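Both complexes shown next keep chain A, but they swap its partner, so chain B is in the first and chain C is in the second.
Moving on to the complex of A and B:
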């Protein structure tokens, strides 16, 4: 019984992490209809920045996390303004090719700068180990992830639903032409959202070094996971991707624990079945228009 | 002349063999005799060309974007490897066909999943299938050899006559013959009414359906055929290198394949062949400059191609040849890559 609860807890932490990593992609892919396979590269950038700050320069972990966000967001906005925006109107094939190219470049570049081996971030002692709560083993680090990601999710939902920017974004997504007719600067809204999504990915990358493992092949290894979250979750709100990430996280952890031999088999089958059953995602209105 | 016969006239003109094509194939054959020390890399190029042609059939003619074409390559490769390893089918040509059929069966089965949904779903499903097969191959390591791959494959002589030599000469001409035969068949298919209907579907599925083309059945047919081609390419890989490992399913293989086709251009069958040559040469060049980081430059090539625009790029490349062609044969004979967005 306690093993089940511990697994559930780990699965939730894993799922929350996936959500923070992938929710930027939910915006670009689901809302802006841009197939960005290079999303993992931004996460990797954040992770490596955090690693360099903490391990080489001795920054405290919690101070390095916001910088991972800022750094990834900065790369995101530069790339969006210089490269990505030219491709919004292109075919999906062009977008796929372009972002695969970016991914390959990022993999080789990080390999060149930091070497190909897996890196670890030195965690403060307060985050290591686990404690027992009513007999259920709870990892401190995972608990922190759940807290941070949970707060982020609530904040995101509030921003989207309550603020002026949120309503602008929703308007821009629903009908870019009408929105710009109403005086909303649609490219600016998209650029800002893109950068914010990249920043979240960077933060997720920094948090995930401990759990998912951080090496130059991160963008390729987890590309499919991000895509699953978005396509399965749909994009009508952030609730869809959130539930999809939780499902994926719990499914993956449970799959690895109970049927370790089947490996990632469970996840891929689940994804294909769901996509066949509901091509627009489980909770989606339209995944792509 | 009525409009409909006009269309037929143009289709027939397109389907006729041009001098350029004959020259192209003679050149390929001549390479086999001109560079006797380079059989291995040339065989590699032929294999890649066949694989790219397979993707061209679905991407260039039917407009299906696939990120997991390596799935069929891998099935073909493992099928050929297992057939040879356990001595089930010893004769290579027969084994090749059986391996191709195995991939074809998978192609047929998965085509129903692929024709559903839009581009994005297709991307995900094709990618998912390739990853699934990779996971399966790793899981059933008692059959596939797991991460070590299939080892100790010994190929029997072709038709019981021609043995595979260590310089790869037999392998090269064998691959060339297979590629040429399959090319002839593909050429026949894409210029047939069936092929023309595929182009109609690619340009506008709704209109194609409105003029009475059974869209889904055509897509299933071409997807299955492309899977057969990819399976043959995979089987050639195993037969000429005598290994089959997990990386036949790798995502990089599917992604590289896209690049090959993008370099060469889609929708005229030669794109894959030309792209394969250029891609391998680029790869050789990059890996001599930076052995470990050649992927960076490959990525850069992709990014630049997309940013410049595929059509514009092909126009630039063909500018000088067309200038010459125009001088020699007049305006009509200008070469153009029939490119359209897939």
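Moving on to the complex of A and C:
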């Protein structure tokens, strides 16, 4: 019984992490209809910034996390204004070619600046190790991930549903022409949303260094996971990717624990079954934009 | 999925100056004629070594260490041997065997190299083997560690290690040192399977029991579920083989999950505590016992000088891959000395067989029968020395041959 709960806990933590990493992609792909395969590069940027601040400049870990967000978001907004916006109206193939090129450039750049070996972020002692709660092993770091990501999800949902910015964004997505006719600055809303998604990826990158490992090949290695989350979850809301992340996280951990020989196949099998059942993802709209 | 679409890497960087290339070109043509037995030996005044290494991709640290070590050796010993100038041509194969083959072909046909060397992973070394046989030139394997490699061509010599060497030794050692039950966690590819099988053979022959056996995918993002399974199996120790780059993640999660506090030790071949990454792994790695060929803390004077020179030149500590490269270029130099500069492949291979020398890792030699390396395997424990983490050697198994050959 305790083994089940420990696995469930690990699975939820892993799923939450996937969600923070991938939800920016759900925003650009689902809301803005832009295929951004360079999403992982923003996550990597956040991770490396956090590493440099903590390891080389002695910042506390919790102070470096928001900076990872800010830095990735800043890169996001600069690239959006200078490069991405020219491609919004282009075909998906152009977008894929452009962003995959950007990904390779980011890999080469980080490899050049920081070297190719894996880096680790020095964690405060309070985040290391595990404690027992009624016999269930709770990893402190994973618990922190669940708390941070849980709060973020709630905040995101509130912003989208309750605030003026949220309604502007939804309006801009539903019908950009009508929205701009009503005086909404659509490009600005998109730029801000894009930057926010990149910032979340940066935060996710900083959080994932400990669990997934951080090296210059991060954007390529984990691209497939981000895409699975978005395709399985459907890209029209953030609830879809959230539940998909949890499902995949728990499925992956449980699969590897109970049937280690089949472990790596579990999430792909889940993806195939779900997509056959619901081709637009768990929560996709039937008519995707 | 997209990496495969890259064009083959064709850029070659030359270590020596390009000014000499015209002369070298002419010399190479003469050397080719020499190979065919048409011209007298010693006709050429330069020797070319084609170095095929992963300089990009996940194995890039292997490539960089080997290249660094070779540069260091040539700085120390000069770039002329037996009256010939040694020229190194580096090609990047990103550890993808198809690219290795293309690179080897280009080096042999266009650049007319006298040696091909390097090879970061087993499939790369195997891909080049038939070309070495055809061209009759030595293939010096400086990194890849599966036993079968040297059996694939009579022109292959190895200066790195085989996984059988360290895995059998740690199996024997564990069985004799109070470890009864072991769970294994190995990466699911050829070297991982080699490590697992040789360990199992020797450990169970010594009376030990393998209670849990897990093979993890090579591209594995999160060790958590596998480690939880290990923990629940309650073994005395976990035998681990993961590629060098993943060792740090493994050790961090091992500590996070409290396996160290549950009294479960980590043992294995030394890849998991590679010097290249060891110092960043955190204190959880303290006490890990591994069997391996090289530690940067090896107490010989020669190694101290080597480590100091390497650190001074490149800013970090050499790992076992660097030593494989350092010894590889040394073997090439010694073979050329012995043939008096003759670059006939058969004569060079003959000259390499049975070579014995003192390496930074300790005394080593090339087995004349298998052309594989014979070396000491050390049992080491991770300890803190002057505030840095090192593998400190405490027992030595002398002159270990590769026990993994299929033809005995």
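Everything that follows uses one rule, which is that the second predicted complex is superposed on the first by the 285 of 289 C-alpha atoms of A that agree within 3 Å, B and C clash if a C-alpha of one lies under 4 Å from a C-alpha of the other, contacts with A are read in each partner's own complex, and residues count from 1 in each chain.
As a working rule, a contact is a pair of C-beta atoms (placed from the backbone, for glycine too) under 8 Å apart; a residue touches a chain by one contact, two chains touch by 3 or more.
These numbers were taken from a predicted model, which means no experiment stands behind them.
Chemist: Does the superposition put A:100 against chain B (first), chain C (second), both, or neither?
Modeler: In the superposition, A:100 touches chain B and chain C alike.
Chemist: So in the superposed three-chain picture, is A:167 touching just chain B, just chain C, both, or none of them (first/second/both/neither)?
Modeler: Touch partners of A:167: none, neither chain B nor chain C.
Chemist: After superposition on the shared chain, which partner residues are touched by A:188: those of chain B (first), chain C (second), both, or neither?
Modeler: Touch status of A:188: no partner.
Chemist: Looking at the overlay, what does A:239 touch: chain B (first), chain C (second), both, or neither?
Modeler: neither
Chemist: Touching A:10 in the superposition: chain B (first), chain C (second), both, neither?
Modeler: second
Chemist: Would you check which partner chain A:261 touches, where first means chain B only, second means chain C only, and both and neither mean what they say?
Modeler: After superposing on A, A:261 lies in contact with both chain B and chain C.
Chemist: Go through the superposed model and pick first if A:279 touches only chain B, second if only chain C, both, or neither.
Modeler: After superposition on chain A, A:279 lies in contact with chain B alone.
Chemist: Scan A:35 for contacts with chain B and chain C and give back first, second, both or neither.
Modeler: A:35 sits against chain B, while chain C stays out of touch.
Chemist: Where on chain A do the contacts with chain B and the contacts with chain C coincide?
Modeler: 100, 108, 111, 220, 224, 261, 263-264
Chemist: Quick one: in the complex, what on chain B touches chain A?
Modeler: Listed in rising order, the residues are 59, 65, 67, 113, 116-121, 123-125, 127-129, 131-132, 135-136, 138-139, 251-252, 255, 258-259, 262, 292-296, 298-303, 305-307, 310, 341-342.
Chemist: Considering the complex alone, what residue numbers of chain A touch chain B?
Modeler: The touching residues are 29, 35, 83, 86-87, 90-94, 96-98, 100-109, 111-112, 220, 223-224, 227-228, 231, 261-265, 268-269, 271-272, 275-276, 279, 287-288.
Chemist: Which residues of chain A touch chain C in the complex?
Modeler: 3, 6-7, 10, 14, 100, 108, 111, 115-120, 122, 128-130, 137, 139, 141, 210-213, 215, 217, 220-222, 224-225, 252-257, 260-261, 263-264
Chemist: Over in the complex, which chain C residues touch chain A? Could you list them?
Modeler: Where chain C meets chain A, its residues are 1-3, 56-58, 60-61, 64, 214-217, 219-222, 224-226, 228-229, 232, 245-246, 248-249, 252-253, 255-258, 276-277, 280-282.
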